[in-house]
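By written order: A, B, C and D. Residues from 1 in each chain.
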């Protein structure tokens, strides 16, 4: 940590800061420049959360040198983490595509979706039973009934299920049915929920918040890991920007950046990011080319009838074509991609 | 609602869309331009949440004409809403300043803060017992112990309390002690929590999400109101941008915009938005000049020792000076501001 | 164009707007809803630039239906445009990679760069003689001397040159040496410069502004095309966001979006967008997978000695490896990529 | 300057960096922490523009400690700068309001505007003769004819003129007529133009770029000052964000921040930032309360007929009311504001 003292901070103010840092066990390196005094503080950063240097008289700014995440860091664990969801390994050599409808609407819709995505090579089924919707007047999901449909369809098709948990209250219910728990983008910094899912033994799919930095995203993962659950898979799903043509900007650079900073697997959700089905396939290709470990894709047997997010859902035919592309790009990346059946 | 058909959409595709709209009770106005066909659909927009036109073949884009919020809208209720917190009326002629420390740290710190903000003219006490922190290693708040201190200090000083509720699980506990429940920025779209606080009879302070549009913010208010609780106070607290010198961009234009679109009161939190105490006072003045109904200000008897967000906290002396300014600007705005004691 | 009248706008106000629109030759469709009156106006949109409806009494908002660009639009010209730079065709079956140093520093540095990028399969040489730098104290480029070096190295290697023109004053000089003129991101809305380059017969590489929407970018292309020069190649180079780990967010979704909206070729500059060489190669792969027609890559024989933007420059070895990847992804995309020599 | 070496950088790499820094005259302080080696480098930062440390092997990141601007810095000149435009002093005790139409349209329109803004207390006339427009099909300004009208109306009313210069080519022409030259937001980093206006002896109104950081804005001022012209007035005009209800987010916090970092005067343009006349008056009040030295306001005798940006222009009546408010807030700020006539 570097503490930059303001222009004209006198010796007394510098001493107060140095004393404080030493009291917290930091080793001090003082550099007196022509214009500023700079205090280098070396020590255990985790003690720093409980006091704030920037409010001290004479302090201009404090620059953190080390990344604030530990367990999620590549420095902590050098080799890639592989997260198991039933018999599927995410983060290993195989690229896994999780596909299905935005929301579970009926047993028929879900079964039809599941069969077609499985046939195309998807290895997990996605589908929301609890839906976070901007408007209270929009369809909010089938809730427990939807979870039951997911479980039934999973049993028949053999596809593990990923579904969103929105609140600690409904967590036990969702955890009963889901193979992997999804933390939605708007809940990425719902710290209570992060602490609660950390207590389950389920793998967690952690979506990036709509305006989260990569550091904040990894800190959210750190919450889950610090709580005892190291089975975290990160999911890039687009970040908010001024552009209005698409819903969000899909930040594919985050894929190699996260893989550089962290050992956790990263998948990409182009459907939700973009909001227009027409651009999902090229961005799915690009995601794999950027190094993603998997994809989350919305597929609906009849997008025009979807109760939620139809515009971004692929038809079964389009999903087949997307999977063909994923297989081709996967091969270049020296990854395996399950075949169509 | 306006449906713009794509260039070259044939009669058949247009008919399918028109039929669908008519089935949902919309009255149709068809405009066949040289380059595009445009379908105007007049009817009850609340039916629209359950299907999506943009996925239909031949549809280029769908433009919503009416605001999606109803209960929160100025069209629904023309006169300003006044929200009572104990004997205080927010949104009326009096400007109310809620002040206190970021986090409750000890009985002494809280009492000292409360006495000084009360002396300066603040009419409510703020202080966090549950703290949303980016890092799991940072101080997370004193929880129930902190709530008890708030209640005790409130009883002694007579100041009503506003404190954050982070999760539906701890809601009953927080509601037992708080006079007003704060929904933090990162929980603005925690829809479960919004539905739960809607069931209480407590006034709700709804902070704007770090990257929420004004419409999304009003839709979050709509969730609470649609759930039966109309006592919502909005709080602008800065939005995320590319600028790094301050923590967030305080969007003061949102104040007159929200007051134009909605009947709900709006207050401003310059402390959290900016993150540097030096700029809190000028922005507090500006907030009142922009038409805010109140302020939320962080004050700490000793900011350099604060366990949380010291850099943005004012000393008691600075807060006094801020209140003097607020009184002067308030007078111009034809508002009352409580005197210092 | 749709004009939404405000709640409670009376007949007189509506008539004034309708009369104005009719005077401008628009055909009117009036829709009187329960809450709002909506005026549909069909006609030639180019007449609209000279008056503004939103200021008229009783008007709530005006929604544009058609894209504001004409010549750049896919509706105007359905087939892909192919832009020739000497004997190279950009936007056709072959993917072209333009590479070289950020700034021309010396004849040796440039020659060394040119030989190595040519050997690796690049077909154009990039290099700045006039450099836009945030600080007036930074190296500003070798100017005419640099242009002469570019021309000499181009003649020896046979690689056509792309270099930036920063101002209409230096345009004649730059145009004398360059095969393609680059409009830098910060000049994307320098409308004088756009009009001036429109008068040359040179192909123009138009970089997207740091916070330009796709529509604004295409409108900048429209300026050049409306001025008589249809040889425009678009270049995505990252947009500004709140993320600080990388310099800009590379918006790869813009590639398929632009190719859907426009017939113009699109290339991608991952070096400048990201600012860290480590992530250039994966994002180059992703760009090609997203459908880009080419790349702009910074290569320096010795990045640590570069006078400008060393951190984002690849070594010759890394560039070779990048080109190998581009060839593999290009094949999947059914594109040709020139071989290494 | 702080150089953070990457985890595992060996002694050899550290030595190479240290040697390089020492060669550039820096004094070195080495801190070997448990996880990282940190190199503190003290010396003249202006030598740093010509090489880049971040590309050197083993370097993780480089943190700049001092602000990159010198002449514009409050450290360089402690007292507020006062810039004279004819007999008007901007940055002194008097708040100056510059008002007039977005574009000069006719002699009558301009004269009518000038008389009404003068009567209301404005002390400078604004009006564009060269207009930067997003579309090439929009009205581009009356150019020299408009400049002549400005000069004539200025002579009659006694109001000095501020008008935009868009390009170095037209600079001599504009400088002949204007009392103050405006650099538009989209030209803030048109470095050629900045260098050219630096050679004039005219005061420069430098608008903040649509996505410029405060540091970039001050660096643009530094360009003009380093070129020999210290008469720079900064103008906040809103920054780009994801919010769509208003055109830009007016960043009023930038006012006290710039006044803290720099000695240059700062004015605010709420009209252009917001794009809706309804919110101009409250934000004008807020700007003065935040400490602005003046305002730039669009006023049009008949906004609905304006050829450019009607929706954001005030009527003469509204402008009168705005000036009344400015006078009241100005008094609180201990500033003088010229009376209405």
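Following the convention adopted for this analysis, a contact is a pair of C-beta atoms (placed from the backbone, for glycine too) under 8 Å apart; a residue touches a chain by one contact, two chains touch by 3 or more.
Worth saying up front: this structure is predicted, and the values here are computed from it rather than measured.
Peer 1: Name the chain whose C-alpha centroid is most distant from the C-alpha centroid of chain C.
Peer 2: Result for the farthest chain: B.
Peer 1: When I count C-beta pairs in contact, which pair ends up with more: A-C or B-C?
Peer 2: So, comparing the two chain pairs, more contacts are at A-C.
Peer 1: Report the inter-chain centroid distance for chain A and chain B in whole angstrom, where each centroid is the mean of the CA atoms.
Peer 2: Centres of chain A and chain B (C-alpha means) sit 26 Å apart.
Peer 1: On a C-alpha centroid basis, what's the spacing between chain B and chain C, in Å?
Peer 2: About 39 Å separates the centre of chain B from that of chain C.
Peer 1: With chain centres defined as C-alpha means, what is the inter-centre distance between chain A and chain C in Å?
Peer 2: 31
Peer 1: At least two partner chains per residue is the criterion; list those residues in chain D.
Peer 2: Within chain D, residues 211, 240-242, 244 contact more than one other chain.
Peer 1: Spell out the residues on chain B that touch chain A in their complex, using ranges where they run on.
Peer 2: Those in contact with chain A are residues 46, 49-52, 54-57, 68, 132-140, 166-170, 186-187, 189-193, 195, 210-211, 216, 219, 222-223, 226-227, 240, 276-277, 303-311, 313.
Peer 1: Which residues of chain C touch chain B in their complex?
Peer 2: Chain C reaches chain B through residues 2, 4, 7, 29, 31, 33-36, 38, 40, 42, 63, 65-66, 75, 240-242, 244.
Peer 1: Using the touch rule from the top, collect the residues of chain C that touch chain A in their complex.
Peer 2: Counting only chain C, the residues touching chain A are 211, 213-215, 239, 241-246, 249-253, 255-257, 260, 273-274, 278-279, 282-283, 285-291, 325, 328-329, 332.
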